[in-house]
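Next, two complexes with chain A in common: one pairs it with chain B, the other with chain C.
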Partner chain A sequence: MSSGYWPWWLGAIGLGGITLAYFRLLGRPFGVTSAWSRVVFAREEIDVAREEARIGDDAKAMEDALLAATLEEFGPAAEEAMRKELASSTAEGTTPRAELAKRPAWTESLVLLGGIFVGGFLAALSSRSFGVRTDLGPEFSRIFGDGFFGVAALFLGGGLVGFGTTMAGGCTSGHGLSGCSRLQPGSLVSTCVFLGAAIGAAFAMEAIAR
Partner chain B sequence: MKRAAITGVVGIVFGFVIGRIGFGDWAEVHRMHLFADLRMFITFAVGVAGSMAGFFLLIRPKGYKRKVHKGTIPGSLLFGLGWAITGACPAIVLVQLGHGQLAGAVTGAGIVTGVWLQRKVQERFRWDSGTCDT
Partner chain C sequence: MYSEFKLKSVLRFWQELYCNSDFSRCARHELSIQGKPVPINLLPNGKTLAAKGGSR
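Then we have the complex of A and B:
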């Protein structure tokens, strides 16, 4: 290859090191999809924080307020169901409270996304490959052209990336790096499927462009 | 504040590493998907193997289970298709922008739209996102 890209061993040390360092330092798995999601829905988090500040952080008071409101709306029959619902909120199938407590704020997620951008910029500077341009290179243009079709493909493709990663609950970092290296079944399946889909799509793109 | 600082440093190092590996280069990603150049596949696989060893020998993590749920396979299929077209995963798109590739802004706008739309569709049909953390 003509490129000055890092050899496999150096890149592997980088990717593996970041996956381990993030978990060691912050006590939760590294993943970029959840960061996008939190930034996109920052508004919700801000509203929830405002409500919580209004009610106070007394969980019991919150529970009682919910019960009172339910009783008023549906009558006493609803009370037991409600108690059950509240008691089962830490049961299997939902995220454990210890993990919820370690969720980053949306501002931290924004810092992560900003950091990746800055890191990309530094990588471009250090490898002398920075350059403002509107195309993605001759290979992309060969398949998608330079006009409206290429732009539409990028927007729709980006939509698939955003929709797909949040639906699958992770992406190349969350499932591919963090999940696979902890041998999580959902991550192993997800990684095989998205790599397989990308490989299939790349071959299909070549076949259509030819 | 401390967690935000750590997050920022990890983000910068991560962006730098994937930039220098070549993931921000559409053609390089395309060649990887075509098996025309296995360097980045090997980089990724060895990186995972290394952190696997680190997790099992040093960190021994608990919790953060990732099960197969209803969204796992269809979501991953859509993501793989989008990755092949745009050359971007949610991190790579930021590295593309860091390299001055303005096309990343179009992909990024698509990602924001897709993330938003997925939440709305999920709320409508109530499928399990698996993590509650997306």
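Then we have the complex of A and C:
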């Protein structure tokens, strides 16, 4: 606590709890990058939500449309497979039912992002380390310097983070917390690359700054 | 799309051609990697399922 940070184990419990609670409450994996994307593309989210509201709960009509589109795309082979499945499920009394999933409102992502700022603020207050600063600490200044180069390094770093997370389809929260906890191969690889690249970059910067 | 529709034999055709094969030409994948919302009625071939049946 003396450094102003919470104990590592308390942070780990908090992050694990948030990941579980988010999935439990909203039915989708926790991820900050996807939350940013949904807010950035809010206009598209609204348009899609409007279109889906127009479709309404008429899942049966959508299923019929899907069947027609599948026949158009794949021809007789699809028709044969569909007929077999329908015959089999009817015989078993388990006729497939269509069910349209509800799209979470994009404003949920806005609340998540707002919560990150509020949580950080409350954590700083509780550890009595809150204060307005115009620098990123002596370690950042030692490596990147102050003034223009420091600001340029921040912009470059931010741009690389945005570029990398878009390429990887997620960031440390989405891949590291949600993906690794579900043993998703892509997330395991992504997280290894994130951490490996971060450790390598830290060593490289330290060597250059000497 | 795959979680919304229950007729698995139908979905399998789309999955084989677009998910398990050349997913780079899947319209849903394309929107997804851009971080944009993917409408439930967008087919992998880029056509949109119409509410009153058929696609456009």
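Operating definition for what follows: the second predicted complex is superposed on the first by the 148 of 210 C-alpha atoms of A that agree within 3 Å, B and C clash if a C-alpha of one lies under 4 Å from a C-alpha of the other, contacts with A are read in each partner's own complex, and residues count from 1 in each chain.
Just so it is clear, a residue touches a chain if its C-beta (ideal position, glycine included) is under 8 Å from a C-beta of that chain, and two chains touch if they have at least 3 such contacts.
Just so it is clear, the structure is predicted and the values come from calculations on it, not from any experiment.
In the superposed model, A:I13 makes contact with chain B only, not with chain C.
Applying the stated contact rule after C-alpha superposition, one finds that A:V40 touches each of chain B and chain C. Of the two partner chains, chain C is the only one touched by A:M62; chain B is not.
Look at A:G169: by the touch rule set out above, it reaches both chain B and chain C. Of the two partner chains placed around the shared chain by superposition, chain B is the only one that A:G159 touches, whereas chain C remains out of contact. Residue contacts after overlaying the shared chain place A:T70 against chain C, while chain B stays out of touching range.
Touching of chain A by both chain B and chain C, each in its own complex, is seen for residues 33-34, 37, 40-41, 96, 98-100, 103, 166, 169. Contact residues on chain B toward chain A in their complex (touch as defined above): 3-4, 6-22, 24-28, 30, 33-35, 37, 39-40, 42-52, 54-55, 58-59, 61, 63-69, 71-103, 106-119, 122, 127, 129-134. Residue ranges on chain A touching chain B, taken from their complex, read 1, 3, 5-26, 28-30, 32-37, 40-41, 94-96, 98-100, 103-104, 107-108, 111-124, 126-127, 129-140, 144, 151, 153-173, 175-187, 189-191, 193-203, 205-206.
By the touch rule above, chain C contacts chain A in their complex via residues 1, 3-10, 12-14, 17, 32-33, 35-41, 43, 45, 47, 49-55. Residue ranges of chain A in contact with chain C, taken from their complex: 33-34, 37-38, 40-41, 44-45, 48, 51-52, 54-56, 58-59, 61-70, 72-74, 77-78, 81-82, 84-86, 96-101, 103, 106, 166, 169.
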